[in-house]
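In the two complexes that follow, subunit A is the common piece, with subunit B as its partner first and subunit C second.
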Partner chain A sequence: MQRNTLLEYRNYRYFKIASLLTISAVLAYLFDQPAMGAYGGSWLGYLFGILSALIVVVLTLYGVRKRLPSIRTERRNSLNASSPQQDVPDRRKRQASWLRHHGATLQGWLSAHTYMGIALIVLATLHTGFQFGWNVHTLAYALMMVVIISGCYGIYAYLRMPRLMTANMGGINTFNALLLEIDDLDKQASVKSLQFSDDICAVVRKARQETLIGGNFFRQLTACQRNCPTAKAVQQLRLLGKSLKYDQLKSFDDLFLIMAHKETLVRRARLDVMYRARLEFWLYLHAPLSIAFLTALIAHIVAIFFYW
Partner chain B sequence: MIRCLLAQISRNQNGQLVRKELEATGEAVQIGRAAGCKILLLDHRVNFHHATIHYSDGGKLFIEAEEGADITINGSPELSAELSPGTHVLVGPYELIAETPTDDYDLVLSVEMVHPLPDDHEHISANQAPVTLAGAGLSKRKLTLWLAGAIALIFLILPMIPASSPTLPKWVTSLQASIKKSWQLGEMSRGHHLISAKCDACHLKPFEAVPDKACENCHKTVARHIEDKTLHANAFKDMRCGECHHEHRGETREVTQDAQCVACHAKIKKKNDKTKLANIRDFSKDHPAFSLTFKTGHKDSDVVRISQIDKAKLIEKSGLKFSHKVHLDKEGVSSPEGDTVLECRDCHQLDAAGTRFSPISMENNCQQSGCHALNFKPPVSKRQIPHSSEQKLMVTLREYYATTAISKATAGEKLQCGAGVGVGKNQLERALDCANHNAYVNAEILFKPNSGCGECHEITPDADDKDIPWKVTPVSITSHWLRNSHFTHAKHSTAKCSECHDKTLSEKSSDVAIPAIEKCRECHVGNKRVKNRLNSGCDNCHSFHNKNAPPSSVAAH
Partner chain C sequence: MTEKFKIAIIGAGPAGLSAAAHAAELGISHILLEAAQQPANTIHKYQKGKLVMAEPAVLPLRSPMAFAAGTRENILTLWHEDIQRHKVNLRLGAQVDGIKGERGHFQVTLSSGQSINAEFVVLAIGLQGNIHKLGIPGGDLPTVQYHLDDPEEFKDETIVVVGGGDAGVENALALAQQNRVILINREEEFSRCKEGNFNLLQAAIKAGRIEPRVSSRIDYIDSETGNGFLLRVVAKTSEGVEIIPCHHVIARLGASPPRKLLESFGVKFPNSDITSVPELSEQYESNVPGLYIIGTLGGCPLIKQALNHGYEVVEYILGNPVEPADEPLLKQKISCFDASCSVREGLTFIRHNAPILAGLTALQLRELLLESNILTPKPDDLIFKYDDYTSSFFSILEGELAVVVKAKDGSEIYFQIKAGNFFGEMGLISGRRRSATIKAITDCVLIETPRRSMLKLINSVESVRQKLDEVSMKRVVRNCLTNTLPESELNYLLQGATIRRYKAGDVLFHQGDKADGLYLIRRGSVIISQITAGKEDVLSYVITGNYFGEMALISDKPRSKTARAASATEVVLLKAPVVIASLERNTDLRDLLAARYRENAHDTKMIEPQDKPGNLFTFLIRQGVGEATDVLLIDYSLCIRCNNCETACANTHQGIPLFNREAGPTHSHIHLPTSCRHCEHPYCMLDCPPNVIHRSVNGEVFIADGCISCGNCKNNCPYDAIQMVAVNPKFKKPGLWQALTGGAYQSEKNSIAGDDSPKKAIKCDLCKDNAMGPACVRSCPTGAAIRISPEALSLTMRDSSAVLE
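Presenting the complex of A and B:
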């Protein structure tokens, strides 16, 4: 459903607009033969530059719009104020209609943000005339490309990750519930391990004390703990169990199953952390670099016109 | 035998202590998780067999840690210690305190769990590694501020500070110059490399396009495009140099390109309906036939341009009679050195620039091997008649014949004059008359239309001048046929002269042998690539800045 509402918004309205803009720009670029070769200073180059800058403004406004939820309330209030004489059912009807419209508008903003952002790759590249160098102009272009590419990843993540997260959790509702279940298993394993030798007990203890879920940036993104104590404990228990006496085997099987179950849950917890990190980390590029890009864009425009 | 009373201390729901006593008697009292231990401590932090209490040889009670296990006695780690009353022993999370023995028991030990395991979710969460990126210390806001701040400082603020500000230290201005380069769109053109660091040499005012004045500060003699001042002003109005000469486009891109010429010349007739120029887009497609420049006088401006389409009008009036056919005869031409085969380069020699040819002269080209000697007619003397004006020629003749006549008169010899010359005059007067007569007769022969001077020059009778009644037509040889273009012969040295200029059968000097545009198109094409052809732009042959026009700076004011 999310895919439909975001990318297929209003029968691909913004896809069509962006495609039209992109194709027109490419055709204009191909047919135009500026005297000094293609570059940002030809009339078409300036046109591409102005269009790109306008698109950047629209894209930035999405960021502002997203951060101002009060607009909805204000607009709704003003709408209500304008028709106080209407009866309740009618007003509710209008409210519902407006909300639908307004909700769609916010999604429409994102749909436009996505497609216009992708169109910007083409427009801005044509604006450069494929002339790059070690200067503030190419810096602005490079930052813009990183912002757009990270945004593309963001769309992919928003469309893909929630399904993976739901599938991964396997019926457990929240991450905290998962942590509690792992803790419970730890306790059970600790109790079970008390009757066994120090080796087994130490392995179980280490798995309880040293198993990490989450951690630094890279651990969160990779869902990996090198030499994971829990995974290692399961492997070691498999070996240690071979030397046990017959009467201990039943209890040991229980302990082993607890640890194996814990390993599965730990993996799930780490994957959940990973999905959430991957759902979020691109924003750490997208948002700061978009402001950095805007600053570089201002420097680019000032530089062009300062030394016109 | 150790009689031991074990007092297990725990706390009820109200936090009050609950004491539960058990008896643990044996030869030795083992402490650990193992089922056989007298003091069973069920915690994974306690070893299977952790420690043993036993009597020493001296009859005292000792506690001794098992191999690999740790115990703490009164706060310090020990392997063994005497269990005197008041001794605190830490075994894993349990604290064992030796109390005062009673009559029934050798040892009374209280056991209490002092380090219980965390059992609530908040505690688990507190010890949990970060599971969000924000928790891992990443901050979008900080990153934004740092990045945007750094870019604004380095690429926006620093480049705008005037470099000449005396308040700034030198290292700042030098760093600033480097940072300023980050504003440059691209490499400077080759000619401007020297001023690449001096932005204000061209950009006189911020936010103002480079004015022509900045260019004219250095380029003082650049000519305007159109000779006519008014027409130039109308055609270019407020157009700046920078509109054609785009800087910061790399080493070789600064000069104007064909498309800029075509922008006007493709519809030049629409722009100016009085123009004689043809609309042109490309050398291959619609460049008109060449117009040759014919001289009509001796001044540079005395010229007329005739298109090569008007073949009937392509006649050079040089005032000379010259047959290339005779001079380029494969059998050779007769000369004092015998028959000599001449080549084009024997007369036509490239100038120092390699573009056109040095002017032809009688002395250097026609008389070089003794050919075309200017003898007296009849050959009465070995002296040469000067290749000069009619007056000088007559003076030479008169001088010679006067000297001869006076010598003969003085010597009493008979003067050879025509009948009736000097009759009735004295000897000296008669000699002078005779000399003038002979000079005139000789000149009459020399100025005949087809011999003497008339062999090469066009001679017309001049009835008004009784003294010298002949006129040699002034010589006017065209040296630059395509005056609005530049052509370098040196660059075309791989071709034979006759490939372009076919003069081998030309008998008249009026024949013009400048190749038509079709000849050029055999090798040159316009801007569209053609295999084995040379792409040639407008500036291959033409210069925008017309060398015949005064500098732009003069035109502008």
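Presenting the complex of A and C:
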């Protein structure tokens, strides 16, 4: 069973459209020799500018579409036959099936979003005619580039993290189940540790009380806790075990295994948090900056007409 | 001395109360025997504050007991007043365990050993059955309960819950929120409860919120007054005797269905099926003369019907031929085809013109008709279309219809069927889409019977099942093999043919077995697999409307593959010698099978994901996907865990997500979330008293208005796809602004209404009202979520280049 990724959506439909657009834009740019040199005010410059702005609008609408899944709801009410006799007009049925096959899914939207967004790099740059300066125009351009670059990271994360996450969970179904299992190991370890010396107990207690999963932004992204008490406990137990009497060893091994197992699970939980953070954090840049960019763009357009 | 009454009424539910109140009204000597400590025990056990519905709305009420939709508490108070007012001779705590004798001389014995004589007996003990109690010293102390109304009533107490079934586990989980809970299970594992409950329980045990005692049983309970506890439970556990001081014991040990009891009274059931209802006369009299059966026990699931039965049965006993309350409704139905005839004449006409219904008792026929529609299509009117997802059953009273089927090569073939016949049984049996289009040729009169009523009938009346199977076998052969088979050949092929039924996982035949015949599937689906070098490979997935097992017949060798039922399956098995003989004569048939044989000779294996070997398809089948029609799968190699799918579901369904993305098993990178699978034969539909769970023509299983919140569907669904929720009627779909500012989906705040508003069963409806299809799938940014049928899945798994769109 194979699913298309969003890049491959409908046999690279939007890749093809975006490539066509950029290639023709580059060709037009090369062949066009405006009297005043290439800049945003030539007719081709205007064309590129307007085209870019339209694309930006569509890209922003993605955020709207994402949150409103049901703009078309209740369209098919006549198909809502609760009694079997109700006859369904063929036309409605065909319409419904057409929509199902051709109507855009969010995956389709995101596929278009990605390729058109990247095409913007070329279109907008050609629009400027490489005229940059310290002004609101270039501010808009710069913001756009940051949005696009963050978006590219997003796509990278979307394509890469899911597999890592599935593999990392290793058959445990939910994050909560993982936490419960860690908690359970903690309890077992504290009970087991009671029969040993105070320093062993202390190490185990510290591991139980001070091990952190998640936490601040940095911890989430890097999946580590400096001097992680659990990792340390495993290390120290290794040393402490050496001074034990022979008849305690069997029990001690049990304790050690529990702690070692906990260490792997804690690692897994941290990695899971990390993957989720990496899937998400860039959006906190991408989404607000896209609004900032939109504002700058409006300022740019207003400024142009003001100068006129 | 034994007491003597004219009528002994057993069971003080709505039916029994109504009968007793009417007898009291008429001044007839009677006694009403109730096992519980209060009348209307079934209603009493409803959840607190439950809104009791008065369905069906069109049925008039005829009973001395008042009844209208209202809260449980209101209705119970009303009935208590009615009991007082009519001076009903009610005896509580009187459990009947024996009835002997016949009309005029019945002897009714109670579990206390007392006995009562009566001329007539009315049985109204409902279907709840006798709750099993702890048969130990202390089992009837007041703080030992056998049901749980409201878990919130208990706080900071120690509670011992007994029983490892769903009821016990659910109670334990609910109580564990605020109490210390000890769960006692007789068995070693909690294998009797549903997977969802099992997982929650495991988590609760791990988290220390529930303390389990397995392989344990209680020896005795005594009341203890010391240190604040009320009870002392003495239990034998696997580790010896344990003494548990506690405040309450709640035992959920199940109930024995009343059938055994009824059989011990001499009442006969038509067959062993659990849904079968005892045969009754038009006047509710059973095969034991003088013993009457009314209420749910007699096959009518709702309160209003039960109340009406109570009134009518007393009149019948007195010999008054009252019109049943539903007479005007029947009259109205019959007037659809003949305005002038009486109900009795109409019923005779039906019996005569629809032989399949001829074997019904008058009562069964009346009920059937009440639940059915009479259709009078004109020439050329469409009854149903090929591929529609409907499952009602049609009997032809008058007229002629055309059946249009698609042959295997795509051309259309016509048949005619006439009055006296029936159709629609294929969809009913298979739970799949219609295999033909049916149109009226002349003016017709049809009875359209809904799926549930028809299934009940098939399971209660042997003659219906026989007639149905006889015709169905022929149609199955035509449908699975070829529609052009001549009648004589058909009859020949069916010599010695049998219908076989299998449960999911049963083996139909093993690799190496001698070939016993040709298998035609009329319900369910089958997995064909082969063991090579010790490893089992799934080769194909065969669904209803197809045949298999031809290879060994043609090659005359033992079976080269194993066939296993993927879900509950029914096949028509044609005997090997008959098929072989027929193949020798009939070249068309031989060519047909030979073509398939060659095609299968180089069968390809199903493609398995590379990153984790193991059989994905087998995994899915084991998870019950074989009985699904549309299942939500998530490709975890694409899913970014954003839960946008759930959010979209909530935003389109009163703010409540109808599935749980994270819960559910994962195999390789395919995740099977906890969500509705729109089963071929939905379990949730099995026992919905107001019958409001339907399947739309497109196949979506949904709950229409009229849910009485009994929770049966939730309990019956093995896949945890139904929730009971108090939906906030004021929920508004989020507007654009709300959506953009993040206020869109606020399940808890916006949609779950206060405690006192009525709960309703809600489940996935596949966004049937939206032209674009399910919101979950549409709203997945990475395309990880898909909805698919098992057969489509099996096809894509056999073709490595296939991509699921």
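Here is the rule we use: the second predicted complex is superposed on the first by the 274 of 308 C-alpha atoms of A that agree within 3 Å, B and C clash if a C-alpha of one lies under 4 Å from a C-alpha of the other, contacts with A are read in each partner's own complex, and residues count from 1 in each chain.
Everything below uses one rule, namely that contacts are C-beta pairs under 8 Å (C-beta built on N, C-alpha and C of every residue); 3 or more make two chains touch, one makes a residue touch a chain.
Only a predicted model underlies this, so the values are computations on that prediction, with no experimental measurement involved.
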| item | value |
| --- | --- |
| Partner chain in contact with A:55 - subunit B first, subunit C second, else both or neither | neither |
| First (subunit B), second (subunit C), both or neither touched by A:41 | first |
| Partner chain in contact with A:288 - subunit B first, subunit C second, else both or neither | first |
| First, second, both or neither for A:183, with subunit B first and subunit C second | both |
| Partner chain in contact with A:123 - subunit B first, subunit C second, else both or neither | neither |
| Which superposed partner A:110 touches (first subunit B, second subunit C, both, neither) | second |
| Touching partner for A:67 - first (subunit B), second (subunit C), both, neither | second |
| Partner chain(s) touched by A:255 [first = subunit B, second = subunit C, both, neither] | neither |
| Which of subunit B and subunit C A:166 touches, first, second, both or neither | second |
| Residues on subunit A lying within both footprints (that of subunit B and that of subunit C) | 175-176, 180, 183, 187, 276 |
| Residues of subunit C touching subunit A in the complex | 203, 206-208, 373, 375, 382, 384, 388, 390-392, 448, 607, 609, 616, 635-642, 644, 648, 651-652, 662-666, 669-670, 694, 696-698, 702, 704, 733-734, 736, 739-740, 744, 767-773, 775, 777-784, 786, 793, 796-797, 800, 802-805 |
| Touching residues (chain side subunit A, partner subunit C) in the complex | 1-6, 9-10, 63-64, 66-70, 72-77, 79-82, 84-88, 95-96, 99-101, 103, 105-107, 109-110, 157-158, 161-163, 165-166, 169, 171, 173-177, 180-181, 183-184, 187, 276, 279 |
| Subunit A to subunit B touching residues, read off their complex | 33-37, 39-41, 131, 133-137, 139, 175-176, 179-180, 183, 187, 190-191, 193-198, 201, 204-205, 212-217, 219-220, 273, 276-277, 280-281, 283-284, 287-289, 291-292, 294-296, 298-299, 302-308 |
| Subunit B - residues contacting subunit A, complex | 33, 35, 42-45, 47-48, 68, 117, 121, 124-125, 128-133, 135-138, 140, 143-144, 147-148, 151-152, 155-156, 159-160, 181-187, 199, 203, 206-210, 244, 246, 249, 253, 256-260, 263 |
